[in-house]
């Protein structure tokens, strides 16, 4: 029996980044090699969805050099559709990561502001063609923070999605060290969220977008969601994960959501030995989108949180787990038996 | 002063397997190298006993190629007597392991059903010669599950051992994904255990062999052991370890036993950062056999459990610890001081 | 501008093999890690063609386990179309390689005879569907040597190709250590070549197939080709590479061909520091197929030989070079300048 | 703006050791590579101080071979002043480390007794020149335990420091497996402490030096410090860290001190996943010296303990953290957020 | 006896680049790790001179992040004086390298145009202070090609050098893929060479600067040098190396020079197994500068060519050889005996 | 069929050394890992003979620590009989190696003069017991150069061998940087050779021992051998290899011998890409001893030279080749075909 076809299509828009880090918990100065992965928050979502069997297509710019060749290979390896990726004569964005441990925080140094993705422009992306057979379009707050071109391209994508009936999922994280090209991040994100349907985020993101001051209690979350729906009536649901960090190596996560009608929350999962924290939020987002396709809201939340928890145990940016592995954790099989 | 001679001889019968796994907690797809070890449950017992100073001889088939050459070197390196190992023109069995972490289970893919060991036949093994100076013969439930030849060879070995007064230790784990050559596993194992003297296992194994349904309480264990002695009167003692898995990375183990007269149990040991869980049962079995040679039953149980716990901290299949290191843990020195 | 579409499609049929080798020139016993690649002679052709921008689709069986998952990822990474790959519950074939150096020969140990591909059967492959939009079907003498099922599946593929007007390229190497399932290799290969159109091979292969005894002179080659065309009138052209091995590390290759009308030959290329010899023949075959699509015969031969020579400089099974890099060597730029 | 000049100078005297260890938690026999670092207790202090921006100068002998060349490069890389390091025709001292885990203790094998540092003699060190612009001279109990020459050289250094008004910090750990050249360690250490001003150590060290028997209570510590000040009136303060080892991988540390006037203590910090325990005491000592330069006593203690805790998270001997990272932990930011 | 002081000081001005490359001859896509080095043509010269015992000071900008921290450590490790290096909030320039082999060319992908060094400006460098005790100032044609600020800073440096009597060595390679900020490279380089005293380069560089068309014969070289001296009367000597590349792995080099009075040339050296070709020109330049300090012209040329040849055998950018090792090759000891 | 018994026994006496080297052609300062091997000239001979199927027993001291444990494992892995190895409380000797390339010589730094082997004394070795069933005793000039104890122990061994009719093979290389304990190397070696039967060496060694001045011509060699037989009448044959080093990476070797009656010589073998030159002389010696057991003199010489040539292609100290691989090279199969 041949590989099954994927019947749902999710389009992701965002930067592909190369991540370079010394092995283990080494400092850069104490290692003469670097491990590398290709990731980026939206590509991580695409990779995870593709591993779940969804048709995931990434819209991005990739450098027209040997680094870009490798990025394309890795994306293809995940099963991501790269047929509409542009190759451009600018270097791929990248970052260096020293992985923290215990009370030592991870350190990151970025090199992305003049990279391939920063040079994307609306005329490089044929949204009508890309979205015509899509079910979802996913974006995050990082893309419009990179450059005017990235913002305009995303804006046109959201408009096309709304025209074509494609559901838009938004993870509007505000990253203060970006937004260097002149736009006001808060205004831009508010306008983009207004054109979206599912918010993946919580009180922090809503406060940032609406310039409000809701607290982190359950009531604060519910009030914030209601306020968001008042201000952005296209938004129908909000899915959020809550993290408690005992140390860089010991984390707890649970999900809660506003379904439009009610507040729901899931069990907390504990990761006592974090292997890799990068991409755990993206794993949650991919879990939400997979859940929206296949489950009702409570299971969507549980699936997304289980996916997020599992990502903490996997090196690299992408959540290389199958639907079956996530379901096992949802069922409470967290004792780590050997699957022979 | 030269290396001391080993005065006790233990013979182990079973497959030598190559284990291939990506480093750390990587998925195969995210690593371009694999670490390898040679192991196999009975060879792990032989390796551990050899490191304890016991003369351990492995009876097996090994491929007549470059992989088999390396396996022989590694066995010799452990000090295992390979003088009666057969070299055959079939590939060595192997398996791939993705090491789990936290709530992510380890995954294994086997390639062993047509390997060198599956081709063993009784005429390849001169049991009379091998066992004439042996004290113990150790077998597990995996060997008779591989092939008719492996079963028949083991069967003849147990008969020879009983003729020659060699004590037979049995670890009759039932592995449901084996037993593909036609025999009924339960019947075979029951008959083999009937020819054995020490059972290394517990309620699960006894229920499987006797087709009973004892529970996991202390009373269940004692009743199961008594029933086993009724059905298999050669069995004199039962040693078992009990594992609690908080996650793939966090495990607790303790040992309990039926000495023929009474129930005894030992302190629980906790391993909060599991380095490698493969071979921990084999470390327990080697500890039991070493204890049977040198200690009375309570210390045998404590030694075996300490050996088992230590194995969780050592990469690879074999328990590369000395008697002194096990005794330190038995004494309660578990704080991990540096030995200068 | 988005990635270009591939307008020509080549279908390859054959086993995907995992290759495991110690790094550098180490012996297995002197390394505790193994590097791995996925290859196999037909997949190598597909990978090379895909890197050249051709739509290459591989028909094969891959294990339904973690190893197969990784193989699929790697194939996708090369850009190979895996939409018709079957996943089956048998282990992926594999081999161990100790890379030779100087006068030391490489050593290989195979483990493939009971693997996933050996279990392929005609009903697993919908040749009509697969070949309906294909230009070429490529096979080698290894596939029909693995199992009856592989032979029957290939046989049906060639028949479908001939029905559908797909050009069949054949690399009918006879590997004497295969053919263990009962068929006569010579007869099988002769029948399959009779259903093919382009032979990639030379005097050795023709002598083997026709049971003739042509010598290795130019005249011998021409006579052999003419005899082949007499016996197998579907064959229109023969492309062959000739290797001279000064040592495992120092090789010379040139190509010659019978175009149906005339004998042509190309310049010899010398590789004084062989990095990896595996897959050099497959690189030649891929070069021939690419040439058949884009060039006339002389340039096809030169392109194929340049591709073959370049493969000697690249680790792994696949020829990870672009068309531009091959053309550079064809132009005589073999001095190894740095491309900034 | 150019790199800032360092205005305080600390001189350290002691052996530079090469540390060789298998990666991860491997046993030597299960790894064919070794990671190496250059360290040594006093060099670790110098490296840490240099990373804190202090001018740190190491006085030592280094082998006049390729190993010594590398040691010099690494010292320079840390920013340590090596202008007065002697190169001698004796091998650099070294040790092998198998890193423990959980209840398995780390094992160390030394090779230092006939090395470069053991051959140091007073005439090789121009203390007047070296200390004329120094603020601190740091020594530990290891140096005088190596050889008569090392002892005499240190003794002259302390005398010069006292003449020149340089503050002497002493970490007089008694290592019983050294002291093989004939001197009585207790007498030597007592005489050297009498010429020092700050003691970095606690009840164990004071009992060893004074041949007393104070207990490990708070009162015991205070009484020991007062007794020390009676016997060695140059001593003005005592800084000590207290460690609780739950396992090799799980440790707790807090600092306490006698300021000459009062007992002070700091919060306990917990390291649930120890990455590398070597050099944690040296990180504390470097923190004390940095604190003496920049802070009052309470913050000195807190800074030193935070530095010590952070070292547990960093591979290698040296505490590669900045002042800012230590201050973060002092502020209670121990949840391991990512610093983008 | 302590490390000797360096009595000659050479100042180098240029970018520090991080080089990232897959190990061995791997393509990026076939390796999941990258080796890294810090280099850059002028830093390579500084590193080599420092290893020769010369006081070498690098003037540059380095990123104020974890990558910059590591770069500073590596520079210090070489012994390079970094006291005047600026730390700036822009990423360090970097490049990716796939090392070629045989007829396969190396491929490079740069990411440097918006990096730390591109942001250097004259007011960041106090040339009077830096050059007051310097003997040589070395620059290459890459620095003024990066940005207007780099050009202006270099221009002021040359003016200061001429005021202060510092000898200026120029390696004015014209790199056509740089020079993107608007200046005409030829004009800029000609003006800068006019302010220099020693040219390290040959007919290619002179033709580029003077827009002439001299050929590569001996006469062409001599005529070009004379013309250069006519146009740029400050130039007193020209040192050039001539490379013949049989393949990426097999190279031949010899040096020739115009001493102002006469043409001299040295023996050709052959490197049949190139380990690393990056930085071989910088090794020649460092050899020339070392020779100018210590030798007359013929030995300068021979020393520089031997240094260049040796660099081909050393991984990384810097020529990690001692003066003694270069002198050995100058003496003709090229048979590679083991130095015990 | 079980592993075959070895019927000939060769005893080797000498130091086991750990070799530590950066991977590839790296300098120590440019690698943060070291590869290690256990070797030592006599152990290399034992390892090679054991791989050839001969019973090889090593007499030596090994450190009683984790390094010694690993050495014992590696020796056992080669199949070397370690039953009479002493464990002593002194560190194992070791050396660091930077592998040269091209015209760059390898560099070595030793740390062996106070190691485990230096502490061997005659009473630690029961020569009568060890040699009672031996055919050969092999020694080299390094052992008596280490310490008085090593010399006396060897001296007694030769005496016992002569008493017991064991053939003594001598490789009396004079290493001028050893011999630091007071004896005159020339006198000692001459006396020991006088008690030996086969000399493995040539004009250099004979000139050193006899204080003669024979030249390197064929006549010089023959005259030297005759003189040696005059002075040391126990010597019956002399086997020697002659090396020509084009570079560290390109070597040629051939063997010649004096059989007592005539001069014979063999074909020269060329190694254009040396992988590892350490232990090539030991591979020759092992080949000579194997030849003495199985062949007449001409084939002994050819076998030894082929073994020596093959060792150049294998990483590490030991010649990990089988008799079959050596015979292939003897037959002239030096083109490096792949052995499937």
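For reference, chains read A, B, C, D, E and F in written order, and residue numbers begin at 1 within each chain.
The criterion applied here is as follows: a residue touches a chain if its C-beta (ideal position, glycine included) is under 8 Å from a C-beta of that chain, and two chains touch if they have at least 3 such contacts.
No experiment lies behind these values; they were computed from the predicted model shown.
Participant: Which chains sit in contact with both members of the pair chain D and chain E?
Facilitator: For chain D paired with chain E, the chains in contact with each are A, B, C, F, in label order.
Participant: Shared touching chains for chain C and chain F?
Facilitator: A, B, D, E
Participant: Same interface as D-E shows up in which of A-D, C-F or B-F, over half of contact pairs matched?
Facilitator: Selected pair, repeating D-E: B-F.
Participant: Could you tell me which pair, A-E or B-E, is linked by more C-beta pairs in contact?
Facilitator: Contact tally favours A-E.
Participant: Please decide if copies chain A and chain B contact each other with the same set of residue positions, more than half shared, or with different positions, and reply same or different.
Facilitator: different
Participant: Since chain E and chain F are copies of the same chain sequence, what is the angle of the rotation superposing the Cα atoms of one on the other, rounded to the nearest 5°?
Facilitator: The best-fit rotation has an angle of 120 degrees.
Participant: Take the average of all CA coordinates in chain D, do the same for chain F, and state the distance between these two points in whole angstrom.
Facilitator: Comparing mean C-alpha positions, chain F is 44 Å from chain D.
Participant: I'd like to verify one number: the distance from the centre of chain A to the centre of chain C, where each centre is the average of its C-alpha atoms, in whole angstrom.
Facilitator: Whole-Å distance between the two chain centres: 40.
Participant: Determine the centre-to-centre distance between chain A and chain F, using the mean Cα coordinates as centres, and give it in whole Å.
Facilitator: Each chain reduced to its C-alpha mean, chain A and chain F end up 62 Å apart.
Participant: Which positions in chain B are in touch with at least two other chains?
Facilitator: Counting only residues that touch two or more other chains, chain B contributes 24, 27, 29-30, 32, 73-74, 77, 107, 110, 272-273.
Participant: With chains as vertices and touches as edges, which is it: line, ring, star, complete or other?
Facilitator: Contact pattern: complete, every chain touching every other.
Participant: Enumerate the contact residues on chain A facing chain D in the complex.
Facilitator: Spelled out, the residues of chain A in touch with chain D are 24-27, 29-30, 100-108, 110, 175, 177, 245-250, 272-273, 277.
Participant: Can you list the residues on chain E that touch chain A in the complex?
Facilitator: Counting only chain E, the residues touching chain A are 20, 23, 27-29, 32-36, 63, 65-67, 69-70, 73-74, 91, 94, 96, 98, 107, 109-111, 113-115.
Participant: Can you check the complex and tell me which residues of chain C touch chain A?
Facilitator: 1-3, 5, 72-74, 76-79, 82-87, 124
Participant: Give the list of chain C residues in touch with chain E in this complex.
Facilitator: Touching chain E: residues 24, 37, 77, 269, 271-275, 309-310, 312-316, 320-321, 325, 328-329, 333-340 of chain C.
Participant: List the residues on chain C that touch chain D in their complex, please.
Facilitator: 30-32
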